[in-house]
């Protein structure tokens, strides 16, 4: 009796989240795919689906409409914004790594008592709203904003910098928002690093610099990879930062999707953009995972 | 009576030799596989009430799987397990009158000592007063009075072990399983605890089954022990029988140290067997009713402490061989000397000498030419 | 105690200045009497008063809080179940699909998650509003909650549960008396994470909401689009203060538990 209750409880543990995800994750995903293969229509919902139900898969396949996808590849707006998103995400990742590594290294080198506080200080901004953090930079970067004021006060800049609505502003906002994602995994790997390894390296004749290059850096590689993935992935699809800090020429793909959906009301095209965005994101992830598995298999 | 097991009559308690005795636990043809690996293969075993049983084997031999099947955490793929004559193969762990002391102790970190001990009693739905009384009784039994309100992480390793023991004993199980009970204790504490555990077992009249990879622990505590290897029981018997009359080469080498000579049976004269070896000449040994044929290849096993060592050739002994000392290892209570017999490419033998006097200058030195000798009752014959 | 070299101290100071100066400036200017950011017009709490009179903003805040409470609870329950399924159930049919679905929202761009859920709600003709956003938030924060609980479960000593069963606890009683109390800090952390994610989300809510259900980030976003104003600074300051209080309270609670535990 008790056994059968336990067994059904065990089944529920899997079944409940499973059903939820099938319903609210997989089903929507299938709908997006279907939508991407539909024609835009003016009626609300603004699309004319190409097939109804699974029984018509045959007829569906025969009249597959790749029009939206060909539009994406033909119109330079789309593929340019994809490339631009990748570029911004890559730059963000590199800059965040450049700032985050020394920061994480210094945190790991600090005494235990300080480490706890520093860790909280890195995590704390994450708990404050994303919008707030971006908004703070608008106040700083806008013409006659804080930055201009400070630089003017120091006599360093004669005229306003006009940073807001530029690529620089987007990069600053991105790096600022995603820096904790870079610092946290780096700190975790650096903090775990066995100090006696560095002592051993010194004992065997390494200078601090060569010890860093030959011991610390290779051993922190997993942290570097994790941090880069955590920054790069959300950065590609980012919408809010380029929208608020960027200008007309900083068109990232997340914003294109938003505009297609909300402004142009072209749901099928927005869906196609979403599918391509996923492919762009998932491919490098799969490759990364493959590489990791291959390394694990060799080790 | 077997001559080769002189100690087996020492204890009167040996229900395993009594055909009328009813076993408490019976494994009948039990098999458990993990994928392609057979952890326990077609194994049968009986444990008797009030017995202190030790399961000895190297890690990965299946001894833990065997214990976990008894506790109910693993289900056999074939065979059945009986407790008090009742088939418990399909009974879930929480309904079995068997309790276990875990290797990690598995003390609940969020409960204090008293609540840990009370945990099993609460599951039985005993009245509050009764639970409190039993908890006190158990804490007194393991000498932890007054520590009931401590948290597990506020205790020393030895105290934690006692809490784990008290918790497992609180439900008065028919059978107590102990998984590597001493593994986390240091050596001194381990020895003291072994004897305490034995006292406790005879005082409570319970059946204990200990799983361990430590032969000293098994031999000290157990009435009977089983040596396990690759999912099979290789030999079951009292510790002295296992040591003095190992069933095969594996047991001989696993339990204690042993020198092995390869040879052939040269002659059989009644109980006297003569074995022709390449490095030690002809070894004579006393073997009751040897089921051996002349010319058969055999191994002669000889424990290091059963060899005598001297500078002069001994006279009037059955077995002797000359050699040279290669290494001396001083271990405090005894000295382990390695002697090479049969020249440079011969065989290294281990000889254990008890250090009976406080003498810094020892009688033997490196490269000494020495004679080894032993009695006809010292060696044993094993099939290769 | 180790002492840091001056270089590393400089790195720490510069790094944390970069992280905190913008927020501090934002807070400072919420107390500016002047509407102009360039001019410091003296200390004033005028904008906080104005905020209290901004009924649409207050409504949005209240909606966001309710949304966060409900969706975080859903996400935590589902995420904990998913973590149990992944850590404890070994193999089951469709395990790969399951773990993929749990973890996918973590790497999925918000615009894609939002769009796909909206299309679902349109397809089944669901009335969009509080509940559609709740479902959307629970779905995307489920994965985060699952990871938090999963890491705790992975470090969990299985013999504790076996000990409980050995002492006569049924699997359900074992879960209630041993597993749950021990993973509780992770469950609480998962809830807080899910709550914050919900409170913070602009994109997914924008896609899945309907008329009459405007969340705080949506209100703030449209206000920010119009330009910088001290009133927004004041709203942000209150939110930052609430978060800081929550974090301090949580760490104090944690410390007390550690003291009791050690």
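Letters are used for the chains, namely A, B and C, taken in the order the chains are written, and counting of residues starts over at 1 for each.
Here is the rule we go by: a contact is a pair of C-beta atoms (placed from the backbone, for glycine too) under 8 Å apart; a residue touches a chain by one contact, two chains touch by 3 or more.
The chain list, named the UniProt way, goes like this: A, C = Putrescine transport system permease protein; B = Spermidine/putrescine import ATP-binding protein PotA.
The shown structure was predicted, so the numbers you read here are calculated from the model rather than taken from an experiment.
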item: Neighbouring chains shared between subunit A and subunit B, ordered by label; value: C
item: A-C or B-C - the one linked by more C-beta pairs in contact; value: A-C
item: Intercentroid distance (Cα basis), subunit B paired with subunit A, Å; value: 59
item: Distance from subunit C to subunit B - Cα centre to Cα centre, in angstrom; value: 56
item: Whole-Å gap between the CA centroids of subunit A and subunit C; value: 17
item: Subunit C: positions in contact with at least two other chains; value: 170-171
item: Residues within subunit A bordering two or more other chains; value: 2
item: Touching two or more other chains - residue numbers and ranges from subunit B; value: 92, 94
item: Contacting residues of subunit A [partner subunit C, same complex]; value: 2, 5-6, 9-10, 12-14, 16-18, 20-22, 24-29, 31-32, 35, 45, 99, 102-103, 105-107, 109-111, 113, 118, 120-122, 124-125, 127-140, 142, 144-146, 149, 176, 179-180, 233-234, 236-240, 244, 254, 257-258, 261-262, 267, 270-271, 274, 277-278, 281-282, 285
item: Contact set on subunit B toward subunit C in their complex; value: 71-73, 92-96, 98-100, 102-104, 106, 108-110, 119-120, 123-124, 151, 153-154, 167-168, 171
item: Residues of subunit C defined as touching subunit B within the complex; value: 157, 159-160, 162-171, 173-174, 177-178, 181-182, 261-262
item: Subunit A-touching residues of subunit C, taken from the complex the two chains share; value: 1-2, 4, 8-9, 11-12, 15-16, 18-20, 22-23, 25-26, 29, 37-38, 78-79, 81-82, 84-85, 88-89, 92, 94, 97-98, 101-102, 104-105, 107-112, 115-117, 119-120, 122-123, 135-136, 138-139, 142, 170-172, 196, 199-200, 202-203, 206-207, 217, 220-221, 224-225, 228, 232-233, 236, 239-240, 243-244, 246-247, 251
